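Below you'll find a set of structures to go through.
Each of the two complexes below includes subunit A, the first together with subunit B, the second together with subunit C.
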Partner chain A sequence: MADEIAIQITQVTKFYGSGTDSTRALHDISVAIRHNEFFTLLGPSGCGKTTLLRIIGGFEDFQNGEIILHGNSIKALPANKRPVNTVFQHYALFPHMSIRDNIGFGLKMLGKNAAEIRERTDEMLDLVKLTEYGHRRPAQLSGGQQQRVALARALAPAPRVVLLDEPLSALDLKLRQSMRHELRRIRESLGMTFIFVTHDQEEALTMSDRIAVMSEGELQQVGSPEDIYNNPANIFVADFIGQTNLIPGIVKATTADAAQCQLAGGQSIEVPLARQPTPNRGDTVKLSIRPEHMDICQPDSDSAQITGVLKEQVFLGTDMQFLIEIDDSILLMVRLQSTQDSLHRWNPGDQVGIRVNIGFVRLLTS
Partner chain B sequence: MTGKSQDIRHYSGFLPISLICLVLLYGPLIIVMIYSFNDSPSITVWGGFSLRWYDEVFHGLEAPKFKKAAFNSFTIAIMAASTSTVIAVCTALAMLRCGNFRGKAVTFGLVSLPLMVPEIVTAVATLIFFSTIGFKAGYATILVAHIAFCIPFAYLPIAARLQGIESFYEEAAVDLYASRLQAFFQILMPLMLPGIISGFLLAFVISLDDFIITNFVKGAGVETLPTAIFGAVKQGIKPNIMAISTLLLMLSVIFVTLSYLAGKMGSRDKG
Partner chain C sequence: MTGTSTGVFSGLRNWLLLPSWLVIGVLVLSPVFIMLVYSFLTKEFRGGVIWDFTLAAYDQFFLDRGLFGDEPPKMEWTYINIFWRSIWQALLATLLCLLIGFPTAYFIATRPPSARTVWLFMVTVPYWVNLLIRTVSMKFLIRDNGPVNEWLLATGMISEPIHLINTPIAVQLGLFYSYLPFMVLPVYAAMERYSFSLSEAAADLYASKWFTLWHIVIPSVRPGIIAGCILVFIPSMGAFLAPDLLGGARNFMIGSLIEEQFKGTAGNWPFGAAASMILLSAVLLVLLYYTHYQSKTGIAKN
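Showing the complex of A and B:
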């Protein structure tokens, strides 16, 4: 049951327009979303994530490909026949109806009787903690409350899959953070498949079971948050998720478990290959090194793998960020926790050594 | 909202120009209203306050003629406004909710053209059309003509309202298993209602007030209030005409105000 596939998307391609004017919105998207999974589509605006969500919801057509929902093709089903409900970005609560009527609307359209609708609506109001507000109009509720009503309305008909289109983007930071926990709690208590669209990587990392990173209409990588963060498949993913240093380099030599890379500027570093594919000798690569995977030491210490000149240090609260120039044009960003004693040992202009947690360095070619 | 320097009242000549415009527009109306309460049978000499001309309108010699005309006017206005409102709603849905189609710009032009064409041209054209197809002039021709020229007046407030309603409401309804028809009647129409009411009332007043087209297409013997008034005036202006005009004016003011309030009502509880 745990591995049952909720939605199988196969080679979905979509163009807007026709002929030579057409623009590609989605290209050859294939992904399987598991039952009971919190699955996130993550990418910058215009990457096609919302288009893919709207295709699943039945609001957009597409040219090629197939979508299977729990074993049945839904390609030909109109939106109102799909057992899929959406939480819209702007909530789209019906302004002329009470909160109760909003939540009960889907059940009413399904032809459920009044007693059943009342019972289910009570249940949903309870779930989103808005029992007191059933008789109000949407305009009388705060943004966070409207958000919860939109969620309750989508959950009430007990759909197979819930689609969430950037539902937290209109909320302020504090509310957004508490709604993240709320969403996870509700999903876990109901056991439903959630497909969540966001451009906010922090949201994606903290909430998802798996994330699909998208760019320019293509899937870049699908994996768990840890996987995507630690093993980015390409330069786009490494750069988009979290912060990273991308340093140009050339592979000088490879052995079975390590590659010798020469960085721009002439310094060399040895990168283990235990968790990544072996590059070819002579390949031009980008070394992705996250700021938190480095430490600063004396330039002449044995543990210094790279040396450079400290240019700038910035206090960020929990962290201190250092910018270190290792070549004319290459600045490395290093981040250390503010609690470390060694923080104030260095001053701008100093020659410093950098110790790299080498197991986390990734060699990326595209 | 705007700074003092932006205030239009600071432009020299604002006050006299405004006063001239207001006096020219509303002076005659106010005089008609005042003299409708004149006790004297002369239309220019004031002879004290009286309601006799109102009594004359309802019980005088010409009362049956005016009652018949009023009945025609009201029944035509109600039917013309209802029909043109339905057509305007359908047109607005097609123009604003059905994507782009061939001839969309032309359609918009055709819908709003009657607002710009001189009414006399429409009147003559309508008359020629009816006589060409052999449609006997009378009550029915007035009704058909009124339905046609009321459409743009009903369309404008309805389309303005629909334009302000985001399409995600219908999407949400369809997402929640509503058919397109259910989505329209349960979600979109209630949201459009202020615009629909406003459009209906506007069309009603336009139909009630129309003279030129009506005068061309009405047959002999069928009168609406404006044509009956015109007919009576040709035999000399009597104060009872002023009483009728005042009543008609009050009615128009009430309907236009209602139309405005209906439009307002929507913008408040939106979103």
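Showing the complex of A and C:
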């Protein structure tokens, strides 16, 4: 049951417009979303997240591909026949109806009787903690409350899949953070498949079971938050998720479990290959090293793998950030926790050594 | 509104409003007042009035006292019938404009923004031509040997020409054609502000297209529909070109009746003024009902 596939998307391609002025919004998207999963589509604005969501919801046709919902193709079903409900980006609550009528709308359309609708609506109002607001109109609620009504309205008919298009983006930071927990709590208590769209990587990392990273209409990588963060499949993912240093280098030699890489400035570093594919000798690569995977030491100590000149240090609260220039050309960002007592041993202009947590270095070729 | 009504601004605001008040006073209120006074005066035979106050004009409209005015008063039906015909012709024209104008506005509002301008432009193009000329053209189009009938005969759809001229249907066609944009434009304006993601949300929640139209779209654009209905109904009530040119004598409407009273030397100014006042009262009643209804639904909303 746990591994049952809720939605299987196969080779979906979508163009807007036709002829010469058509834009490609999606290219050859294939992904399987599991039952009861919190699945996130993550990518910069314009990468096609909304388009993919609208295709699943039935609001947009597409040129190629297939969509299977729990074993049945829904490609030919119009939106009002799909057992899928959407939380729209700007909520799209019906302004002339009360909150209760908004939430009960889907049930009414499904032909449920009045008693059943009342009971389920009460349940939903309770779930989103708006019990006292049932008789108000949407315009009389705050943004956060409207957002919860939109969620309750989508959940009320107990759809197999719930689609959420950047539902938190219109809320202020505090509210956004508390709604993240709310959303997770609600999904876990109901056991539904959520497909969640966001351009906010922090949101994606903290909420999701799995994330699909998209760019320019193509899927870049699908995996758990840890997987995506620690093993980015390519330069785009490494750069988009979290912060990283991308240092150009060349693979000089490879052994069964390590690669000898020469950085652009001439220094060399050995990278273990236990959790990544083996590159070819002579490949030009980008070494992805996250700022928190490095430490600063004496330049002549045995543990210094790279040396450079400290250019700048910035206090960030919990962290201290150092900019270190190596070989007069490359700037490396290193981040240490503010609690470390070694922090104030260095001054700008000092020659320093860098100790790299080498197991986390990734060699990326594309 | 708030804050500006205090201190120096209140004086300034009154001065700025002065031109509007002048225009309303001189061009709207005083003609109505003149009409009101004239409707209580005595008619002069070659047009014009004699300054003798009397209720004769209203008496003539509502009561029948025989040919020489010496019989006991009975209800006079002639003018009430004309008035009644005006009401249902105007109502029918409003309904027809709504039936055609609403889908038109919906169609335009769902085009891409650049195309909307073109469609709106096309809706208004015929109205650059004078109403009289358009009404006469309509007469030529639909007469017994006009292009419409000839085309229908040629295609074999009919074997006899359809007689339209001097029928209530011709008047209806004329009214509909004259005032259609007054329906399309306000409904379109409301529709343009309507967020079509509401229709998507309804479809997402299993609503059919018709249910969405009735219960989501129409309630959202209702103010535009009401405005359109008023803008079509009121001028249709008082129209005289379409009934005159397309309807003939048997399809007189109140507008033609009033027009007759002021034309040439055969008229009766006080009677025309009285008929105008009666028409004005009827229209005011409709508007009062509308504002009452608006404020009631407005209160329910807040």
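Convention: the second predicted complex is superposed on the first by the 366 of 366 C-alpha atoms of A that agree within 3 Å, B and C clash if a C-alpha of one lies under 4 Å from a C-alpha of the other, contacts with A are read in each partner's own complex, and residues count from 1 in each chain.
The criterion applied here is as follows: a contact is a pair of C-beta atoms (placed from the backbone, for glycine too) under 8 Å apart; a residue touches a chain by one contact, two chains touch by 3 or more.
From a predicted model like this one, the values you see are computed outputs, not experimental measurements.
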Three-chain arrangement built on subunit A, subunit B and subunit C clash or fit: clash
Subunit B versus subunit C as contact partner of A:Arg153, first or second or both or neither: both
First, second, both or neither for A:Gly282, with subunit B first and subunit C second: neither
Touching partner for A:Gly19 - first (subunit B), second (subunit C), both, neither: neither
Listed stretches 9-17, 63-71 or 207-215 of subunit C, narrowed to the one that overlaps subunit B: 207-215
Subunit C-contacting residues of subunit A that also contact subunit B: 57-59, 78-81, 84-86, 88, 90, 92-96, 105-106, 109-110, 137, 153-154, 157
Subunit A residues touching subunit C - in the complex, by the definition given at the top: 57-59, 78-81, 84-86, 88, 90, 92-96, 105-106, 109-110, 137, 153-154, 157
Complex contacts: residues of subunit C adjacent to subunit A: 195, 197-198, 200-208, 211, 216, 219-220, 301
Subunit A residues within the subunit B interface of the complex: 57-59, 78-81, 84-86, 88, 90, 92-96, 105-106, 109-110, 137, 139, 153-154, 157
Subunit B residues within the subunit A interface of the complex: 166, 168-169, 171-179, 182, 186-187, 190-191, 269-271
